[in-house]
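Heads up, there are several structures right after this.
Below, chain A partners chain B and then partners chain C, in two separate complexes.
So, the complex of A and B:
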């Protein structure tokens, strides 16, 4: 086994159940993950897709789903011609309760040598995890009140 | 957030982060290699970086690997940088990088 390329950790004041919900529900992911929706039924072996404004960005397969402790999927970029030909990588989320906090460890591994995907990934996850933490702790990840949009009947 | 600033306020600790940024997932021995710091000093600095969650460790077989964890640095950015400024700041920092590279 090769060592993982990335290990990210964040401590979030929440419960494992709420964090699991945030990691697996599009209602939440749209708020902290640049509008991304998660298309899957979360059953092991099921297909998985990250869809951003109607465009499928990445795809994979659910590898593990042990609610609310451990979630894993394979991850392959779907758009860029070079990156879509790289072999699938693996994403693992580990949720560990520590008193009032949950330690979320994200590992991303099995990149090809000289992977182009690796560069984009190293910028994406810290932003996503940081926004996820803000959303769960303060509830204000991009929370624009509908009334502020000034659309009649939408508030 | 205090721990993050304290941890970053030291050139030796920043150089350890630079080494992990260049090559992620190193053992204590890898990190000590070629550094003008004692093993004890490196261990002490790593403990401070770990307490600030800037470095995270991961067991890989028998080895304990150290990874740069930039999530807290991102949170500092999020606190003071508004979303719409991000593009301009990225452009400015790229400009600075290019100009300084040319001078060197």
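So, the complex of A and C:
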């Protein structure tokens, strides 16, 4: 059996620089990430927080920031009582030029066995990264209602 | 064949600014598939028991399958057997399900590749490499009118694993 992790690959017609900007700027993240702002200075060792409409959803620390190739932060949920007691996990974005495209690989790992957070992020990331791809390619992010994701407490 | 015996090995979800009808059309017609699926033509007889074929640009049959469930534009289950000698005999049937659901103004497309026995990660690496490329390109096609040009290396890890099992590969 594979270890509990979530891997998502998508190909985007953009440049690594633009994709990096979209992954690290609140101006963009608010559009494709359910209104989420990214609170950090992106320096290795700095604190990191995902703030959705004023509510801190997740926190962590910047682990790697090798612009525009690799970005990594630790990730711990902050709100749901059950999930916030799970151990910190790790998010890694790899950005690779692929012809005129960029191959984006997200790996979210280090989950506890039976993690509730793993179920939640497995529903969340495809929506966030699909919307990011739409925004970069067509200029318009997707309008997905949070309730459509089927994550308990995320509406 | 009892599809209840099949367990998901690969699941890939993608959201598309489109309608369920257009996503269904893109998944089941050659007109669209040639653009997002490396020139391959999908020929689907859309009824249970109907033929489901993906024809390579040279006209040869690459995927030889059958429609198992057909509920347009919501759900399509097909057998997805790569047409290489001894493949089905050694690996069993590969089952692919597309589920199409509205999610606000967008559509959620969920692909599931399932098998009736444990399949080695080396062999699954082929699908793990291929599906994100195919479905990323399908999304771009429906949203922007242009599919992506994704140059893929042959799935060497999968081909080596199949060869070791005595499956004829190109």
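Please note the rule applied: the second predicted complex is superposed on the first by the 137 of 155 C-alpha atoms of A that agree within 3 Å, B and C clash if a C-alpha of one lies under 4 Å from a C-alpha of the other, contacts with A are read in each partner's own complex, and residues count from 1 in each chain.
In the analysis below, contacts are C-beta pairs under 8 Å (C-beta built on N, C-alpha and C of every residue); 3 or more make two chains touch, one makes a residue touch a chain.
If you're wondering where the values come from, they're calculated on a predicted model, not measured in any experiment.
Engineer: Let me test your reading of the model: by the given contact rule, A:31 touches which partner, first (chain B), second (chain C), both or neither?
Structural biologist: A:31: touches no partner chain.
Engineer: Applying the document's definition of touch, where does A:138 land relative to chain B and chain C: first, second, both, or neither?
Structural biologist: In the superposition, A:138 touches chain C alone.
Engineer: According to the stated criteria, A:101 is in contact with first (chain B), second (chain C), both, or neither; which is it?
Structural biologist: second
Engineer: Considering only the touch criterion stated at the top, classify A:130 as touching first (chain B), second (chain C), both, or neither.
Structural biologist: both
Engineer: For the overlaid complexes, name the partner, chain B or chain C, with more touching residues on chain A.
Structural biologist: After superposition, C is the partner touching more of chain A.
Engineer: Scan A:9 for contacts with chain B and chain C and give back first, second, both or neither.
Structural biologist: Touch partners of A:9: chain B and chain C.
Engineer: In the superposed arrangement, which partner chain does A:77 touch: chain B (first), chain C (second), both, or neither?
Structural biologist: neither
Engineer: Taking the contacts chain A makes with chain B in one complex and with chain C in the other, which residues are shared?
Structural biologist: Chain A residues touching both partners: 7-11, 126-127, 130-131, 133-134.
Engineer: What residues on chain B touch chain A, complex-wise?
Structural biologist: 24-25, 53, 56, 58, 60-61, 63, 65, 67, 69-75, 78
Engineer: For the complex, which residues does chain A have touching chain C?
Structural biologist: 2, 7-13, 98-101, 123, 126-127, 130-131, 133-134, 137-138, 140, 142-145, 148-149
Engineer: Which chain C residues qualify as touching chain A in the complex?
Structural biologist: Touch residues, chain C against chain A: 12-17, 103-106, 108, 121, 128, 132-133, 136-137, 139-140, 143-144, 148-151.
Engineer: Residue numbers of chain A touching chain B in their complex, please.
Structural biologist: 1, 3-11, 105, 107, 126-127, 129-131, 133-134
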